[in-house]
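Below are two complexes that have chain A in common, paired first with chain B and then with chain C.
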Partner chain A sequence: MSLAWFLQNLVNGLSIGSVYAVFALGYTLVFSVLGILNFAHGAVFTLGAYLTYVLAVGEFGLNGLLAGMTLPFKLPFALALLAGALLSGLAGVAVEHLAFRPLRKRGADALLALVSSLGVALILVNLIQYLFGAEIYSFPSDVLGTLPPAVILHVGEGLVAMRTIQVVLFGVSLLLLIGLAWFIQFTKQGKALRAVAENPDTASLLGISVDAFILGTFFISGLLGGLSGTLIGVSFGLSGPYFGVAYGLKALAVIVLGGLGSIPGAVLGGLVIGLAEAFLPPDMSSFKEAVPYALLFIVLLVRPQGLLGKNAEEKV
Partner chain B sequence: MLELKGVTLAYGPVTAVHEATLRVAQGEIVTLIGANGAGKTTILRAVSRLIKPKSGAITFEGRDITGLSPDKVVRLGLAHCPEGRQVLALQSVRDNLELGAYIRSDTAGIRQDLDMVFGLFPRLRERAAQLAGTLSGGEQQMLAIGRALMCRPRLLLLDEPSLGLAPIIAQEIFHIIANLNQQGMTILLVEQNAHMAMRTAHRAYVLEAGLIVAQGDAKALAGDERVRKAYLG
Partner chain C sequence: MSPVLSVEGLSKAFGGLMALTDVDFEVQEGEIFGLIGPNGAGKTTLFNMLTGLSKPTTGTIHLLGQDLSGKSPAAIARLGMARTFQNIRLFGAMSVLDNVRVPRHALDKASLWGGVFGTSRSRRREREALDLAHELVEMVGLGARMHAPAASLPYGDRRRLEIARALALSPKVLLLDEPAAGMNQAEKQDLSNFIRVIRDRFGLTVLLIEHNVPMVMGLCRSVAVLNFGQLIAKGAPEDVQADPAVIEAYLGVADARGADDEVAIGGGVNNA
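And then the complex of A and B:
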C-alpha cells in the first residue's frame, strides 16, 4: 500500500473514469431534455469505435460484408477520432429521427420511445455485425504514431506508469467535459438548451426552436458516445459488435449513481466508478464487472436520488 | 393585426373552444374575459401555436400563421406571456430576460431594453443575479412580463397577468400595460379580473364555455346588464 501503488491506481481510475463520465453524459443530456433514456446510446458508442478504427487503420476485418476492403487513405489518429466522433453525432441524429421524433410528434407516451430506442439499438448492432463481422478488432500498437507507450515516474521506492493512451483518455475527456460545461453554463445557446430542458413550451414561446435543440442534443450525445467508444476501444480493443452493451449498462449505473439527469452527477459518478474499479484489490479482480452495481446498490440505499441528484419531484 | 376566423380548438375528443372569431387591430388593447375554464388560455395557446386548431384560420399582420411552429411566430413579432408565470426557475433573473431576447442579436439594443425592463420593474434589477425560482409570485409575474417585452413584440399576449397578486401590485401591472400600449404596443389581455381588464382595454370579448357570447367596446360592455351580472358582480 505504498504511495506509488496509490498513485498508479489513481492514474488508472481517473483515466478510465473520465471516459465513463463522457459516455454517461451522452445519456444525461438526452435525459435532461426529453426525460427519457436513449437505449441506442451504447450502439452509437460501438459504431463510433468501429468507424474511427476504419478511418485510422484504413482497412476492414476478415468477416462481414466489407471484409478485406481498404480505404484509399488512412487518417492520423487525432483526425480519425474527430471524424469518427462527428459521424457518431450524425448517427445520434438518425436515432432521434427514427426512434424519438415520430413518437414525439404523435404525442405518444415517453416510455414508448424507450422501447423504440432499444429497437434502433438492435438494428445498429446488427448492422455493425453485418458490415464489420463479429470478430475482435484491435487498434495497432502504433496507432498513436511515434509517441512512447508510457511514461514511467519514480515515486519513492516504486514506479508509476502513465500509459500514453491513459493520458489521451484523460486529456480528451477533460477537454470535452470542460468545453461542454462552459457551453451549457455560459453561452446563449447553452442557456437556451437549459430552457428547453426545463420547459419546452416556455422555451418555444421565447423563439427557441425546441426541435432544433433536441436534434442538437442527440448530435452532441452521439458525438460523446462515439468518442468514448473509440477511447475505450483503443485501450482495450473492440471485442465485437456487442462491446457497447456492457459499457452501456455501466454508464447507466454511472448516471443513476451520480443522480439521474445531473450533469455534475454523471461526471462524479464516472470518476467514482473508474476509481472503484482501479482500487479493487488484485485478488478480487474477478468481481471487477460487479463493482459499479455493488457501488450503485450501496449508494442508493443511503441516497435514493444518487450522489448529486435532486429529489424526485422534477423529471422521472 | 391579429385575426381568428372560426377557430375550433379541442383537447382530444373534447372541444374547448367553438368557432371563435376575434380581431385585434393595431394599437388596441383587447381583453378576453370569461370564467375559469371558459377557454381563454386555450385561445392564446392556439395563437402562439402551442396547440393546433381543429379548424379555422389564424392570421397575424395578414399572414396565415396556422402552419408555423411556435418559435417562428415569435420571430414575426408576437410575444406570449403565459398563464402561471412560467419563468425558468433554474436560471437567473437576468438570464431569463436575456433569453427573452433570444431571437435578437443586436447587443446594444438588448442592453437598452434590459435597462427599460429594470426601469419598469426595479425589483428585478435588485434580484438580477437570483434564480428566478426564488422570486415571490408578484416578482415572477413581473419577470414573465419583462421577458416577453425583451423580444420587442408588436403584439403582446398576456394571460392573467394579475392572477394571485396583491391588489396594489395588480394595479401597478395594469398601469404598466396601459403605458406600454400608449407607447404603441398592441395587447391582447386575458383576465378573470374583469373590472380591471374592462377599464384598461378598448374592446372586449366575453367567452362562456368555449363560445364568444358578447363583444364590443369595453365601456359599453361594462354597462351591459348581462355582463355586469356574470363578471362584474
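And then the complex of A and C:
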C-alpha cells in the first residue's frame, strides 16, 4: 500500500475512466435530448475503432470481404483518430435517420426506438464482421510514432509507470470533456441544444430547428463513441466485431451510476468506475468485469437517482 | 390595408371530432384582437395551428401575406409568430436571462464556426443579443432575478418572463394564451397596460385568448367568439357582447332567447 502503488492505480484508473466518461457522454447527450437510450452507440464505438485502424495502418485483415486489400495511403495516428471520429459522427447521423427519425415522425412510442436502435446496432456489428472479418486487430506498437512507450517515475522506493497511451487517453478525453462542457454551457448553439433537451415543442416555437439539433446531437454522440472506441482499441486491441458490446454495457452502468441525463454525472460515473477497476486487488482481477455492476448496485441502493441525478419531481 | 394575419376556412378534425369548423377571420396591423369562448371551444387548437404545432385539416393561414401551409413551427416562428402558453412553458433549469436569449439563436444566422471560434461579427451579434435580452428582462421587472433559474420564480413572474422570451423573437404577431389566468384584478389591470405598452414599443399585433371578458372588452378593438369549434360572432366588442348567439353560448339556450341585450356576458364566465 505504498504511495507508488496508489499513484500507479490512480494513473491507470483516471486514464481508462476518462475514456469511459467520453463514451458514456455519447449516450447521455442523446438521452437528454430524446429521453431514450441509443443502443447503437456501442456499435458506433466499434466502428470508430475499426475505421481508425484501417486509416492508420492502411490495410484490412485476413478474412473479411475486404481481406488483403490495402489503402493507397496511411494517415498519421492523430489524423486517423480525427478522421475515424468524424466518420463515426456520420454513422451517428445515419443511426438517427434509420432508427429514430422515422419513428419520431410517426409519433411512435419512444420505447420503440430502443428496439430499432438495437436492430441498427446488430446490422452495424454484422456489417463490420462481414467487411473486416472476426479476427483480432491490434494497433502496431509504433502507432504513436517515435514517442517512448512509457515514462517511469521514481516515487519513494517504488516506481510509477505512465504508459504514453495512457497519457494520450487522458489528454484526449480531458480536451473533449472541457470542449463539450464549454460548448453546451456557453455557446449560443449549446443554449439552443439545452432548450431542445428541455422541451422540443417550445424550442421549435422559438424558431429553433429541432431536427437539425437532434441530428447535431447524434453527430457529436457518434463522434464521442468512435473516438472512445479508438482509444480503447489502441490501448487493449480490437478483440473482434463484438468488442464494443461489453463496453457499451459498461457505459450504460456509468450513466446510470452518474445519474441518467446528467452530463457531470456521466463524467463522474466514468471516473469512479475506472478507478474502482484499477484499485481492485490483483488476486480479484477475474472479477474486474463485475466491478461496474456491483458498484452500480450499491450506489442505487442508497441513491436511486444516481450520484448526480436529480430526483424526478412529479408536478401536478 | 392588408391584414397581418388572415385565416380562411380553417378546420381541424381529431378523428371524427371537429375541434374547429370553417373558421375565418382577419387581424389588422397593430390591433389587439381578442379570442373568447367557453372551455373546449377550440381556442388553443387554433393557436396550435397558427404556430404550426398542429396541421389544419383544411383551410389556410397567411402571415404578412405568406402562406404558412407546410411550414415547420420553427420556420413560422422565424417569420414573426411568437406565443405564450396557457400552462407556462419556460426552460426551468435555465436562468431568467438565458431563457430570453434562446430565441436569438434562431434569428442570428452567424455560422456555427463563427460561434465556436468567436469571429468579430459573431461577437458583435452576441453582444447585441445580450443587450436586447437584458432590456427585455428589465422591462418585465425581473432585472433583480436575472441569473436565478426560471423555475424558482413565482407564478406571475414566470408569466411575464414567458412574454419577454416571446418578444426576444422580435415577432410581428404575438399570441397570448390566457395571460391573465390566476391573476387578481389589480394584476389583470397591470397586464392590460403592459400589453398595450409592448404593442406600441415593438409594433406588435396581438392575438389574445382570454376568459376574462371585462379585460378583453377593455383591451381589444375586435373580438371573435368560438363555441364548439365554430366562430359564432366577430366584430367590435360591444356588438359581440350584444349578439344573441354569444349570449346563448355563455348563458344557455332557454334563457338566451329572451335575454336582454344588456346582459353582461362577462358575468357568466367571471368565476370560471
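Note that the second predicted complex is superposed on the first by the 312 of 316 C-alpha atoms of A that agree within 3 Å, B and C clash if a C-alpha of one lies under 4 Å from a C-alpha of the other, contacts with A are read in each partner's own complex, and residues count from 1 in each chain.
Keep in mind that, in the parts below, a residue touches a chain if its C-beta (ideal position, glycine included) is under 8 Å from a C-beta of that chain, and two chains touch if they have at least 3 such contacts.
Please read all numbers here as calculations on a predicted model, not as lab measurements.
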Item to complete: Sticking to the clash and touch definitions up top, decide whether chain B and chain C on chain A clash or fit.
Response: clash
Discussion item. Between chain B and chain C, whom does A:T187 touch in the aligned arrangement: first, second, both, or neither?
Written reply: second
Discussion item. Once chain A of both complexes is superposed, is A:F6 in touch with chain B (first), chain C (second), both, or neither?
Written reply: neither
Item to complete: Could you look at A:G207 and tell me whether it touches chain B, chain C, both or neither (first, second, both, neither)?
Response: both
Item to complete: Could you look at A:F279 and tell me whether it touches chain B, chain C, both or neither (first, second, both, neither)?
Response: neither
Practice prompt. Report for A:N199: first if it touches chain B alone, second if chain C alone, otherwise both or neither.
Written response: both
Worksheet entry | Residues of chain A that lie at the interface with chain B and also at the interface with chain C | 188, 191-192, 194-195, 198-199, 201-202, 204-210
Discussion item. Using the touch definition from the top, list the residues of chain A that touch chain C in their complex.
Written reply: 183, 187-189, 191-192, 194-195, 198-199, 201-210
Practice prompt. Within their complex, state which residues of chain A touch chain B.
Written response: 188, 191-192, 194-195, 198-199, 201-202, 204-211
Discussion item. Which stretch or stretches of chain C touch chain A in the complex?
Written reply: 51-53, 72-74, 77-78, 82-83, 85, 89, 91-94, 98, 101-108, 112, 115-116, 126, 129, 165-166, 168-169
Discussion item. For the complex, give me every residue of chain B touching chain A.
Written reply: 48, 50, 69-71, 74-75, 79-80, 82, 86, 88-91, 95, 98-100, 102-103, 147, 151
